[in-house]
Amino acid sequence: MALYRCGALIGRFQPFHLGHLYAVKYALKKVKRLLVVVGSAQFSYTWRNPFTAGERIEMIWRSLKREGLLNDSLLLIPVDDTYERNYIWVRHVENYVPPFKVVFSNDPLTIQLFKEANYEVLEVPLFNRGEVSGTRIRGLMAKGGEWQKYVPSGTLEVLKEINGEHRIKTIFKYV
Amino acid sequence: MALYRCGALIGRFQPFHLGHLYAVKYALKKVKRLLVVVGSAQFSYTWRNPFTAGERIEMIWRSLKREGLLNDSLLLIPVDDTYERNYIWVRHVENYVPPFKVVFSNDPLTIQLFKEANYEVLEVPLFNRGEVSGTRIRGLMAKGGEWQKYVPSGTLEVLKEINGEHRIKTIFKYV
Amino acid sequence: MALYRCGALIGRFQPFHLGHLYAVKYALKKVKRLLVVVGSAQFSYTWRNPFTAGERIEMIWRSLKREGLLNDSLLLIPVDDTYERNYIWVRHVENYVPPFKVVFSNDPLTIQLFKEANYEVLEVPLFNRGEVSGTRIRGLMAKGGEWQKYVPSGTLEVLKEINGEHRIKTIFKYV
Amino acid sequence: MALYRCGALIGRFQPFHLGHLYAVKYALKKVKRLLVVVGSAQFSYTWRNPFTAGERIEMIWRSLKREGLLNDSLLLIPVDDTYERNYIWVRHVENYVPPFKVVFSNDPLTIQLFKEANYEVLEVPLFNRGEVSGTRIRGLMAKGGEWQKYVPSGTLEVLKEINGEHRIKTIFKYV
Amino acid sequence: MALYRCGALIGRFQPFHLGHLYAVKYALKKVKRLLVVVGSAQFSYTWRNPFTAGERIEMIWRSLKREGLLNDSLLLIPVDDTYERNYIWVRHVENYVPPFKVVFSNDPLTIQLFKEANYEVLEVPLFNRGEVSGTRIRGLMAKGGEWQKYVPSGTLEVLKEINGEHRIKTIFKYV
Amino acid sequence: MALYRCGALIGRFQPFHLGHLYAVKYALKKVKRLLVVVGSAQFSYTWRNPFTAGERIEMIWRSLKREGLLNDSLLLIPVDDTYERNYIWVRHVENYVPPFKVVFSNDPLTIQLFKEANYEVLEVPLFNRGEVSGTRIRGLMAKGGEWQKYVPSGTLEVLKEINGEHRIKTIFKYV
């Protein structure tokens, strides 16, 4: 039974990978309604944020659909970064999403900011963190490694359609 | 049968009213997947935009849920206004949402900008436009008129919870 | 004896007039430390905001000095407007000032937003509101009326130095 | 003989009309090098600023070319508006253009701001101001009047290519 | 006797330390009125700018109060950074503060920009620069070193109240 | 004979050097009208962008004038960076310049973004890339090396007038 009425899973999802999928499944067990907040939504074609918010939403939507995880009570919502104005960031997020009480995140700053705003914060049990992280997957994409096994099939499909590997390799020249 | 794979219904939804509900129903018949784009998402507590994007999403979500219109293939996505940088606005919207081919709107500028960007644009048949418009409903709320019959029950409920009528009356003092 | 440890008097002070001076005196009786927040600080040379934040701080500082109201516990702090992003405005103000518990304001939106953020809000008893308001004083300045009697001598002096009446008349051509 | 080494003619050019052409000719007699600054460059598809900076530059470039007024020493430079941060506007303009000493303008606020920054300001003798102004021309375009005779052929041609009259009529619905 | 009527001491004060206190004392000897400008005021919870402008003002205010340095003629004013638009930064600062003639700073870029704007710039004699700098103090806070002796008691008290050491440690995970 | 009607050479020109001059000559052979787009125009006094857009335009203008390359059909246009909002960057550029069909660039991200927007992109044959690049020239300026031989005389002259080497050395202290 859901412990909370509404929760938010906050991430950048660059790209949406198996660790994120695991986190969605974990969160869905805890809440009746889940907001998946796609952060740093304004950025794209950079090393930290190669994919647009729309592309990331498409990756998540397709991946969750195939897993049978989509339903009435899962919303996908893009939210811009506030350019280091971190003190107002929680309030900024609240502007764009329906009310929620619990936050799912493993990011230390996100955790601290939401705790200070009196949210319940749940860290997601780590899913093979050593191998599955956005940074590592982008690194593998840049260098021609085997990244495909770390993302759900929805993400894989979108990355093929937008030629994501080529994009990452282009951007990697600046790193 | 759906004519289009993906479409976007674009509005400010201040508040979400029966005309908007009618437009959603109309659009759902035409497309397999519907993106409801909540525009001018950064603004709130002004005469033109009294409600936050999160509040508007909540109004739409509850209203559609009660109508049995929510499903896997309806996304609710907030998108900021570009402060009169209209030439880049379509591209700005595209940044935040999955790809779509058709736009539902009755707003002349939205129609023109998307047509110039080679979108198919469908105007929604008017639902009692004389009586049902955001501007008119806000005016009734400000002056103590009978606005309740023009919004779906989901909107009505949210407006009660956030004391929307009082907010409108406060803002009206500046008009 | 002061009821509150710290309070904020929030206004645009375009220009700082006798009603504002009265409000400062009123507020100083209620709090140990007073923050005078000069809002819409980024704007200037417009009809609603003719004077820069620096000019307004100078008007307030000189006026209070002559009244013997300046002391260790009165701070003058400019804060930008958030361009109709009103939902985040209180949090934005909090970023720039030391913590406070009570707000002095007669502006309906300011009052509502701070009340919703659980602040104590005290309305300032009106000081001859019919005659003394920023809008009316600017109108008199534009049209060559007798505005001088409605501002403290510190404001008067600053307005002379910056040739404020001429500035208002220039801007008035656009109204 | 040119009195000044470098001057700037500042306007919005919505659209570039015969009064503007006259001002260019006037300015070219006074300076060795002329900077034509296209202001409010970020805006478009609004009533005050219907055309993009690029479109306006194209209008000016074609019109001047046909008049034989283009040469090495005439630069066309778009500069954004600073959203009512008028105090920093002169400095903002200076960031984008080579150094200049004299300003050509009939706009009261532009004149005041540049004078306060110690520029020489020259007002341009009026060219049939009653009939030839951007506001009036846009009004005629909106209402189907005879506007064509008030713009140079370069402007006329660009307006045809971009279907400018239709754009103005669309925007006019919001006024 | 004060050499200058009004001066500005410009820094980020992350946090306000003994070197800053020394600089305030030095500046107070040179000017009749001192503006302490708290720069990069919009940022917080980052490695370079962990504390909000309000928190920094509180540190300075309490520290100066205990030293008996507060008086009518010392103002604490937060000013935002201009995001690498450095050419307009001096003008931007001038918008927010009363007029001043002399600047106290040891920052090379601040010195250059104000000199180019024809300000008198005074470098502050260094107070044990090897040990007392914001960067070094933040480093000590992050790694559990002895930082307490480098800040005045007002800063120490505020850092305890806001749990500043914990905040720095959280942010340090990203460096 | 020109292959294309209008093309854009896009760069930051920090500073305008012999490689850029070579690129201009190359581009002029391919197009009837050349737009020289001065990117990241809002930035200055930073390591990557030491010079203002106006200063860079002056460098280019003087250098091209001496080479006899200026004419009616070469425009110099400053365009701001979009702060990592790369997806909208091409559209943003298009807002500020007349229509063009071909882009000259050797920057991988610029190339990719314009190709995705269906532009023809021509890479400029490299002019002694090992020795002539903005980064290398700035490095030589910072460290007192021999940079003068890598820039045209117009750039050299402007850099002397604005004391560019001193500026670079000041900024270098932050790198």
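Each chain gets a letter, A, B, C, D, E and F, in the order it is written, and its residues are counted from 1.
The criterion applied here is as follows: contacts are C-beta pairs under 8 Å (C-beta built on N, C-alpha and C of every residue); 3 or more make two chains touch, one makes a residue touch a chain.
Just so it is clear, the model here is predicted, and its values are computed rather than measured.
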Copies subunit F and subunit E - interface residue numbers shared by over half, same or different: different
Separation of subunit A from subunit B, taking each centre as the mean of its C-alpha atoms, in whole Å: 26
Centre distance in Å when subunit A and subunit E are each reduced to the mean of their C-alpha atoms: 37
Whole-Å separation of chain centres (CA-atom averages), subunit D against subunit E: 43
Approximate Å spacing (C-alpha centroids) for the pair subunit A, subunit D: 46
Residues of subunit B touching at least two other chains: 42, 44, 52, 83, 85, 87, 94-95
Topology of the chain contact graph, where touching chains are joined (line, ring, star, complete, other): other
Inter-chain touch pairs (all): A-B, A-C, A-E, A-F, B-C, B-D, B-F, C-D, C-E, D-E, D-F, E-F
Subunit D-touching residues of subunit B, taken from the complex the two chains share: 83-87, 108-109, 112-113
Contact footprint of subunit F on subunit A as seen in their complex: 42-46, 49, 52, 83, 167, 170-171, 173-174
Contact footprint of subunit F on subunit B as seen in their complex: 85, 87-88, 91-92, 94-95
Footprint of subunit A on subunit B - complex, ascending: 41-42, 44, 52-55, 57-58, 61, 65, 70-72, 75-78, 80, 94-99
